[in-house]
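Look for subunit A in each of the two complexes below; its partner is subunit B in the first and subunit C in the second.
Moving on to the complex of A and B:
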């Protein structure tokens, strides 16, 4: 009896030691999930963190971009989520509203460089005035143009278009060169691509596509004349034949090809274009300029990722260590900016990143002054290939029914928001 | 009295044995149909996000369907698709069944060839056709341009008509063998003496087909049409893979919209409500079909 009781007692004493031993014997390992199209630079960021930290190790798992939202959400809902997630900033309000992310407001408020972080990212990191994420990697939409095609068409590459009519004129001049060359390209069936590159045309002209937040959010595509004007602008480009035919069905999978092959003069995209075009197509001479409004001005979509701690993480303090390191000036300069990824710190973006050249400087300004879409229904409203934003562009630009397309989109967006 | 009691006991025992025989089927139906159906109806009465807690909303999801233009548009498109593809499948399947119904040399090979695509999954078949109609690497466009029928690649998925036509081609290729098989088995069960009698009475080939064969095939035709209509109204994979609902939602089917509402937009309650509405519609359509094609001699 005595022996039996002693054995139970020993077990009871030993159990906590066993539990402690796991964390005390080795470094804490954090699981980080990221979307696959971040793979190019993210591994070097993780490697740098692991090199410089002995007590914490980060292990990255890449999730196919198209499945990230479902996989991450379901994993956290089933208590099998990672500690950290690098999330496209447009989805952060949804995840925060669903209770999937840890509230990190107290730590965020203590940061000394809070005012140095990308404003668009900071807005999307909040839900109900609480912080659930911090900016991680930056991006901004700008207009890329082919210097050689501009020259051949008699256009001055140092004076890029600053209004829509100038874009149309330049596109027409390049199209006239013949030989399968076109003036302008966009992915007509890609909602995400078009909010990144088409919405800034509306914003720069003083219009908007959504108003308010939360349950009081309302679409404003019908109330903004700029939406109609921007659709008419794209419709004119399409009907005049300056846009390649594949634009109509391009879901974003082949969006770079027409510009990369030197057949298209103008194409709006983000920071990743610089490294891709420079390294993979060294004969492609390009410059970038801000996306203009109808009669001037400019705007940009500030994209990229936020970094968040999942609700189910067992190591929130270690996860915060990674976040604060990743948003530090040194990490953003050395492992993001130096790799060609737009930094999310305005001091780095406008400093060392801009010093790399005029292209980087234009991107940095676009990032700092840009904006993003904020909605817990972002996917249903904008990114979904069958959603109202994508359908509106297809019906208006390729179908020509601009008023009908806007009216249907307004109604469908209202309906989606009301269903919650 | 004793005899009556014995008969009653025997019939009760037979009833119990009958119940036990049907029990496995009842369990399967309950577990895989009735319980999920009850859960579906329960979900449809909630605002049920993929993440977070469901909130009871009563009939709000059903009422929201009325204001959802995409629901109406996708339902209409699915109905149009069904109306187009059902007669094509039936007539082609009937023609093929007529060709291979006799036990003559080589008939077995043709039956196998026509039926073989049916054993491939819809997704695999759609991916195969995605390659076949690809304007850059697909052989169909290359053949058409090489023969001078088209000047340049057709761009099947660029227009709603082209996209619909491409899907119809792929589905007919895949499914027509099954239609053929169902009709062929019916044709083979038509007694030879009935057809002989019709011939003796002076009925020509068409009259024999119209007045003898078709009435005797009524049950098989009903089965084929119910399968075809229900299958077409539930079309999803082929559109998801071949057209992605485009261009501009012009080939968006109702199940595709239910899928997107549920798993892309995370509105599971709304998706459940649309599923219930579709289920009721399909039950009504199938009921009407079976009533119209019922065997009136029974």
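Moving on to the complex of A and C:
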């Protein structure tokens, strides 16, 4: 008896699932996939588009951030991809090279505001001189510092550090206050965090981590003395005890915690820090300043997302309508800039966005002049938690073997790139 | 050590026979309670921390060094769970549907298969059973891409029914093994008696055997339920529609922030919601559980 009852139950369970048809009529519905950490502002962007367009509706699906690459790649390979994908700009060259994105070069070339789009995004949107994406949402790494801790340590919050040695001095001064306070924080085991916040230190000093593009690309960690100096700088911060111990094992999960709790004076992160800190930690008084080079100058990792049409999309024209709307001045100003995301148009970033205050102005400048890593192998080289970049930082900063770490990273990166 | 001690001083209130070497009998009653309470506290500590974290505000949940007790209760984390996507209840519904389907499917198929392997002789029986067991050794990740293609071909991609079928398939090797052992340990005389009363194989299975293998059935059902309730990777890959996500996928989209930062308060609230049905079901059915696991092992 029980078996039959169970079989009937199984049928009942299955029926409504089969009944879920997927036929849609009326307006063209576009599926947009985005990583889940974009959820805060992206829904309002999509809603605004749907409000103002009658023939096209966009439906957003959030993919867990850490699984986006895997899921999107698999779906397009299986002809079940979305129409539109909002992709972390560092992964665009990889997806373009894998042939999962639609070539949109003709439409892009016709845009009247092509020269107003973030240069770093535009570079990563290309693969072999063709365009496969357009900038969507912006971000830039800057140095956040705690105004109260600076004051307590006798430092002038209006004159933030502009060189590495000044960062060290400020960090030491705050550490001397005692009471579990620290000078500086970074997530030591997070490759993505450290290309976002550590690479600009190298760039601002005139060094680089990769040279060239495509098959002629070579790692330049061994050839740039600035890489060595930057690692030594982090190593000094670590050994002098101005960095909290959890920095060594933090894979990014707890990156904001030390700064948020007001125990750390300096911490580099992106535009999203403003809304997070202001919203959840109203008692935290912070300001931002550009990430400096060794003896001055500054640089930034200009990050965020690009938007692309997948190869398998049945509605490329409607998808392009969304893209051109999303990159328009009005949308970037109203729905991106207003939501706390850095706009990817230089005219908006340096205009209405900068007008919101000094913090925003600093971020906008960093975005416009910032750069990004361009490599088809970005994930294997940089973001992978066991990849050469992450290993090099761990070995050099926490292990102390700086020269060994650099030469091993150089070799491992060369191998990865040559394997293609 | 306690066992050696108890040998020289047998327990006063119990018969010295059988299982008399019990630690409990040689300890003073209060000491037994103290030890047990300490052990219980040790195991409950993570749960208590979980509940406390859920009730904290975001700032407190992320405090370093950790604040052990929240200053005032905040329901904000549950609020976020309820407000995100289609609301947590919707995803609980999806997960329950998939888990129930998986449990029912697994129990039916593995009961029939286990009965067959235990009671009928047919050519290639051992080889077939070995093949079924061997599939336990293939990691799911290796099958992901082909599985995706197959589901796409069957038009079961992005469907909860498809996901249920995948889960049933993954549960089967172990479940068939457990059910075969459960049936194998039943004396054949029982079936013979049923046959004398006029039952065929199928009727004997329905009327007699099922009652006897109940511990095995419950174990298989529990395994199937827990596995499908908590599964993440297959659900992530096969479902591509927000409204069809299961709880684990929904929670992952909810708690990971920029560059992998995690919102602990919301995560723990989600864990709590996820955990409750599992705990309740386990408490209700645990008496069958161990019996089912060791079925056939001590025969």
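The rule is short, and it goes like this: the second predicted complex is superposed on the first by the 395 of 420 C-alpha atoms of A that agree within 3 Å, B and C clash if a C-alpha of one lies under 4 Å from a C-alpha of the other, contacts with A are read in each partner's own complex, and residues count from 1 in each chain.
To be clear about the criterion, contacts are C-beta pairs under 8 Å (C-beta built on N, C-alpha and C of every residue); 3 or more make two chains touch, one makes a residue touch a chain.
In this text the structure is predicted, and so the values were computed from the model without any measurement.
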| item | value |
| --- | --- |
| Subunit B versus subunit C as contact partner of A:218, first or second or both or neither | neither |
| Touched partner set for A:395, first subunit B, second subunit C, both or neither | first |
| Subunit A residues touched by each partner, larger count belonging to subunit B or subunit C | C |
| Which of subunit B and subunit C A:239 touches, first, second, both or neither | neither |
| First, second, both or neither for A:77, with subunit B first and subunit C second | both |
| Partner chain in contact with A:39 - subunit B first, subunit C second, else both or neither | second |
| Which of subunit B and subunit C A:52 touches, first, second, both or neither | neither |
| Partner chain(s) touched by A:384 [first = subunit B, second = subunit C, both, neither] | first |
| Touched partner set for A:255, first subunit B, second subunit C, both or neither | second |
| Subunit B and subunit C contact sites that coincide on subunit A, given as residue numbers | 70, 74, 77, 251 |
| Touching residues on subunit A, where the partner in the complex is subunit C | 1-3, 6-7, 9-10, 13-14, 17-18, 20, 31, 33, 36-37, 39, 60-67, 70-71, 74-75, 77-80, 82, 180, 187, 190, 192-193, 196, 244, 246, 251-258, 260-261, 263, 269-270, 272, 276, 280-281 |
| Contact set on subunit B toward subunit A in their complex | 47, 49-52, 61, 64, 67-70, 155, 157-158, 244-249, 252, 256-257, 260-261, 263-267, 270 |
| Subunit B-facing residues of subunit A, complex | 70, 73-74, 76-77, 94-95, 97-100, 189, 245, 248-249, 251, 377, 379-380, 384-387, 391, 394-395, 398-399, 408, 411-412, 415-416, 418-420 |
| Residue ranges of subunit C touching subunit A (in the complex, touch as defined) | 58-59, 62-65, 84-85, 97, 100-101, 104-105, 107-108, 111, 144-145, 148-149, 152, 157-161, 164, 205-206, 210, 236-237, 240-242, 249, 252-254, 256-262 |
